[in-house]
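Both of the next two complexes hold chain A, though its partner changes from chain B to chain C.
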Partner chain A sequence: MTVAFSNTRASDAAADTVVRRRPWIPRLTPARRRSLVGLMFVLPGVAPLCLFVIYPAFNSLWLSLTDWDLSAPPQFQGIQNYLDLAANQQFLHSVLTTAEFAVGVAIPSAVLAFVVAVLLDAGVRFTAWYLPLLFFPAVLPSVVSAILWGIMYQGNGVVNNALGTRIGWLTDPTWALPSLIILLVWTNLGYYSVIMLAGVRGVPREYYEAARTDGAGWFQLIRHITLPLVRPALLFILVIATADSLTMFVYPYLLTRGGPGDATRMLSELIYETAFSFTNIGKAAAMAIVLLVAALSIAAVQFRLLRSSHE
Partner chain B sequence: MSTRKSAWGVLPLVLSLLTFQACSPAAVSPSTAVGPSTAVGPSTAVGSSTAPSSGPAASAAGEKITLNYWNHINSPTNTYEKKLFEEYQSQNPNVTINYLTINDADLQTKLTTALAGGTGPDIVNNSLEFLPALVAAGSVAPVDLAALGLDGQAAFEAKYLPAIVKGYSFAGVAYGIPFEVSSYAFWVNGAIFKKAGLDPNTDFPKTYTDLVRVGKKIQDTGAAKEGISLTMYAAGRDVLQLDAMARQAGGGLFSEDGKTPQLDSPAAIKALQMWSDLVRVAKINDPSLGPTASTNAEDLFGNGNAAMVNTGGSWLISVLKAQYPDVYANYVVGQWPIFEGGPTVGGDLYGYSLLVTKASQHQAEAWKFAKFLTDHSAGYFQNTSIWLGDSATLNSDATKSFPHWDVFSQSYARSFFFPPVVKYNEVSQIISRAIQRVVLAGDTPAVALGQAQQEALSVVK
Partner chain C sequence: MRGRRVRLGRWTTPVAVHLMLGLAALAVAVPLLWAVKSSLGTNAELQATPVQWLPTSLHFENYTEGLVAQPFSTYFLNSFIVAVAVTITTVVASALAGYGFAKFSFPGRSLLFAIVIVSLMIPFQAIMIPLFIQVRSYGWLDSLVGLIIPGAVSGFGVFLMRQFMRGIPDALCEAARIDGASEFQVFWRVVLPLARSSLAALAALTFLASWNNFLWPLIVVQSTRTMTVPLGLAQFQGTDLTNYVEIIAVSLVAAIPVVALYVVMQRQIITSFATSGVKG
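Moving on to the complex of A and B:
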């Protein structure tokens, strides 16, 4: 701050005036004020995101470059963990298993959600009952669902009795992964159906009327009107379902622990085991970073393929 | 203008990152590494305080102390111990016991991460197989013999059987107090046997040939859904079972010093082949009935699905009495079946060790509490059917009047502890996966165990 004083006794008001230069403070214009208010509103949401997602992600990136077993400080070792993973057969197998699981969950989830939404939009009876029933699995705690289905999947359980089979749903390597896929699809079908139903009901009726006037059939209406216009909802479901299945931990951990053999050993369970059972934090962090990159890449591809033609 | 807008938009992100970076510890390591929690028993603070143990290393007289004690879930034991806590706290009013029971399969994982994060217990009852890893990591304190009222290692060795002393010591130093020592006996449901036209005593299987015969008859007559319930998806139990069978076949899964895996030895292959044959050839065990990753083989025995089970120690009596009274009224217990003409080896000895962690700030009080618990060995035995491993209880009137104690004591005499493997966590998972590949997926034992051997070698080197 620069202060200039007048030392004379002149009665000149200007000479007696102390000239001060105020410190530079950005003027709080209305636009800036609005921005600041907006920032304050989003801060409660951004702050936890930074604390629980962004900071741990960067920390994990650092840990992935170290050798650390919790008993001593981490030792930097560059990309050695990533090189080890590239040659680790169990990790590579786990990546494939996770990819199978993700595809097995995402696509049926989207298809079934669309089918359910179209049926509900067609005005079938008792719609008000179907939606809550469909949504019920989504609000059940995952542990409860896992235990229930673990009992249902037993050799003498409900599923085998209903189908007249004697399949080892959780103990046969052929069926273990499909069993988990069915469970996760069942869990989220109601939730995705609600989202898709909103998308289907958002299609202007006039389009259907105009198409019918031109002689379009039911299948053509679905293919040329409904599907293109529910693309945003479809994209949302595919992205969420993929992300959910890539990070699914509770069901395989409680029901199969990655078995039988390695049939259901997904990356999330392998990361947990590597980190907390084997205390190889660096390698586990490297796996987690690989999973993060894969998930982001898949989401980017999905966005690109399914982005609206209006964009 | 757009640049300023972008800057304002990034501001909360930057502010948050800077804030949290300032708040984070200087080392890169996170302050608390916690894995997802599953099947954790309720944390019971028996007393007024639930604060974690803290305070200066040397506790002043009358200072308020909270001891965190972790144990695995076992209903009769947990119930009995809560009564002991009340007694201890009435004798030591300045001490509060904070009790946490954890699913056995998860206890080691939670203990390791808690110790790394500085939130571990003062005293823990952990599976003996994990003791080598904890000793190697410097996480546990050597046994304070003076605090236990013993005037040296010789006195410690005199208190327990030689095999037990060997299993709990490293380089001649005791690190764990024997706490729950058992071995798996063989159990049959007498009612199911009778329903199948068998006599539970005369038809009690002595060899695997007998086992297949009675198992098939039980299933053919529809007396039970499966002849025998076998462990699966529980790495610790899977290893104990396979190791015992391998010893019965003339070998073992590891060298006695725990340094060299022998997973692809002829004895191990023979053992796993028999296990697979019970399931896939004789079909007297149906893995689709369970157990799953969340249940135990004894549950299938207890609820009548299976006529036999081979993963229960003396503690199973209290469990059956409390949870499965029908089976409790009809069980018969004896020795493990063996290979025809093979050595008379029983189920592996296993145990738990009472450990005081080095991180504990109340080690003196923790040892005092450990002595209190171990002094109630007879009470544990009477209330929970669990033997703490001491010779005094083994030869006491309590055991003489214990049902079938002759069976259990004979079992201890013909059993062995699993060798002390430092990387037991990883090795047990490797062995368990090999068992699943053979028993559930139909792989040949030689191939599966050969792969497991290579994996184990890369882990232990």
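Moving on to the complex of A and C:
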């Protein structure tokens, strides 16, 4: 590193002596030299990203146009995989399940996070410790959360015993998806609350005061001032829940294997199974490209929301 | 705006607020407390009706026996090596690149920065198949190198550091340059000390993400030799299906590094999660 930058001193005189001593280094104007230094600084970050993110993304696109089982050479077959996907019931069902999961997570999360945020912002003392606690499940390894909840959700597990029920939380087709939704809401409640809190805190105090002098009660304040003004944060939660749903892998993989039937087979898990259990690389890559397009669109919305909330 | 917050009215009495927040906190905490309690109990207690909320006896052997049921010492060592290596490379590369993007202008800068932004948006699941093929062709399958290198730099890290370093006044760097500092010295002596706290936050987030990572190890690892803790846990659960108490005990041990890091750095972790809108 130091050697690479030793010929880039700001002082021209110093730089000239360095260049003169090592004539094989071309003479550069100070502006050029600064450009080069900047490039040297960003390269250790950008080069690995090109090799291990951007290049594979294009590779996904190429693989999606082939038929390949990892052993024989890949066979180019144009957009056949995409045409197959459009008629593939399991894939279409998994897209639907992914969307259901996203909405199923977003709605209760938005409501709960809004309530938590309003309560945290109410100016009551000794409420600072709630948020770190609520946030904690988000940093737990997802495998640990999955294992704990898997044991709690068992037929004779603590959830059924506490409720006095005998529901097959993870084995009953109607309950499996809601059970995973509850698990993700538990995981992310604190995270969503932080986002919502930023929105709630952004509401100018004068609005409340003006409304209160007009005789508005707390419910009216929340209904007519807070709620409309935190709409971007509500939308943001839907966007993040969708992104989480698209990349949801550990919970369905460990707890239900996408089942029962295909009841919890979300897109990421289906891609994994298609690629690594059935070694249908081309088909899995086509699904991955669908996932990529969806994720990039969501990220674009997310960036726009972030920008507008920062302005 | 943040100083004195709005009191929504006399209805939101402190008691009601604490009651409702306490309820939410309880809902989050109960599964964790139950897990701690169960890890010290027996399998029969864990399935008892009515639910036993308090321990009747303490079985610390659940921990000692669970931890030797699989080569967990190897798994912990592997996880540590991978997480530490990934954290170091990510922090170093992000600091350098963040500085380059924030304080230099050069042809192609916006293109290169666009690459950073796009790679930050691409979910891992969309590239895991070609990444597997790539790593296989390098002969890195079933090795720690294969676990470390593809995740060694994150677009998120570069972006985070660039955002932070843009806030450092140019005058500070310029003053050091006038005093005869080389470009690298400006970075090392002026910029890095100022960026220490955001570098620490990035390090914490990176360590957490690596420690918790499941999908990439699931693809790369093929033997217990290179297995990481989350994979080892999943395997333990898969092979010893009904040994609940020991599985829970080891799961809690697996969470210890995360808990420790969270206790020390929760403020930075929460704010970086929230401001970025990107979760580990």
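Here, the second predicted complex is superposed on the first by the 233 of 311 C-alpha atoms of A that agree within 3 Å, B and C clash if a C-alpha of one lies under 4 Å from a C-alpha of the other, contacts with A are read in each partner's own complex, and residues count from 1 in each chain.
What we mean here is this: a contact is a pair of C-beta atoms (placed from the backbone, for glycine too) under 8 Å apart; a residue touches a chain by one contact, two chains touch by 3 or more.
Quick caveat, the model's predicted, so the values are computed rather than measured.
Asks: Quick check for you: in the superposed arrangement, does A:121 touch first (chain B), second (chain C), both or neither?
Replies: second
Asks: Using the superposition on chain A described above, determine whether A:59 touches chain B (first), chain C (second), both, or neither.
Replies: Touch status of A:59: both partners.
Asks: Touch check for A:39: first (chain B), second (chain C), both, or neither?
Replies: In the superposition, A:39 touches chain B and chain C alike.
Asks: Give one of first, second, both or neither to describe whether A:277 is in contact with chain B, with chain C, with both, or with none.
Replies: first
Asks: I'd like to know which partner A:299 touches here: chain B for first, chain C for second, both or neither.
Replies: Only chain C; A:299 stays clear of chain B.
Asks: Once the structures are superposed on A, label A:105 by its partner contacts, choosing first (chain B), second (chain C), both or neither.
Replies: A:105 contacts neither chain B nor chain C.
Asks: Can A:134 be said to touch chain B (first), chain C (second), both, or neither?
Replies: So A:134 only meets chain C here.
Asks: So, A:85: does it touch chain B (first), chain C (second), both, or neither?
Replies: A:85: touches no partner chain.
Asks: Please determine whether it is chain B or chain C that touches the greater number of chain A residues.
Replies: Counted on chain A, the partner with more touching residues turns out to be C.
Asks: Touching A:166 in the superposition: chain B (first), chain C (second), both, neither?
Replies: first
Asks: Which chain A residues are contacted by chain C in one complex and by chain B in the other?
Replies: In chain A, residues 35-36, 39, 42-43, 46, 50, 54-56, 59, 63, 70, 143, 147, 150, 154, 156, 249-250, 254, 272, 275-276, 281 are touched by chain B and also by chain C.
Asks: Inside the complex, what are the residues of chain B that reach chain A?
Replies: 5, 8, 11-13, 16-17, 20-21, 24, 27-30, 33, 35-36, 38, 108-109, 112-113, 115-116, 137-139, 225, 232-233, 286-290, 292-295, 425-426, 429, 432-433, 436-437, 440-441, 443
Asks: For a test of understanding, state which residues of chain A touch chain B in their complex under the given definition.
Replies: 32, 35-36, 39, 42-43, 46-47, 50-51, 54-56, 59, 62-63, 66, 68, 70-71, 73-74, 143, 146-147, 150, 154-156, 160, 166-173, 249-250, 253-263, 272-273, 275-279, 281
Asks: Where on chain C is chain A touching in the complex?
Replies: Those residues of chain C that touch chain A are 1-2, 4-9, 11-12, 14, 17-18, 20-21, 24-25, 27-29, 31-32, 34-35, 38, 46-51, 92-94, 96-101, 103-109, 112, 115-116, 118-134, 149-153, 155, 157-158, 177-178, 180-184, 187, 208, 211-212, 214-215, 219, 229-230, 233-234, 237, 244, 247-248, 251-252, 254-255, 258, 261-262, 266, 269-270, 273-274, 277, 279-280.
Asks: Quick check: in the complex, which residue numbers of chain A touch chain C?
Replies: Interface residues on chain A, with respect to chain C: 1-2, 5-6, 8-11, 14, 34-46, 48-50, 52-57, 59-60, 63, 70, 112, 115-116, 118-127, 130-144, 147-152, 154, 156-158, 161-162, 186, 189-191, 194-195, 198, 201-205, 208-209, 212, 217-218, 221-222, 236, 240, 243-244, 246-247, 249-250, 254, 267-268, 271-272, 275-276, 281, 284-285, 288-289, 291-292, 295-296, 299-300, 302, 306.
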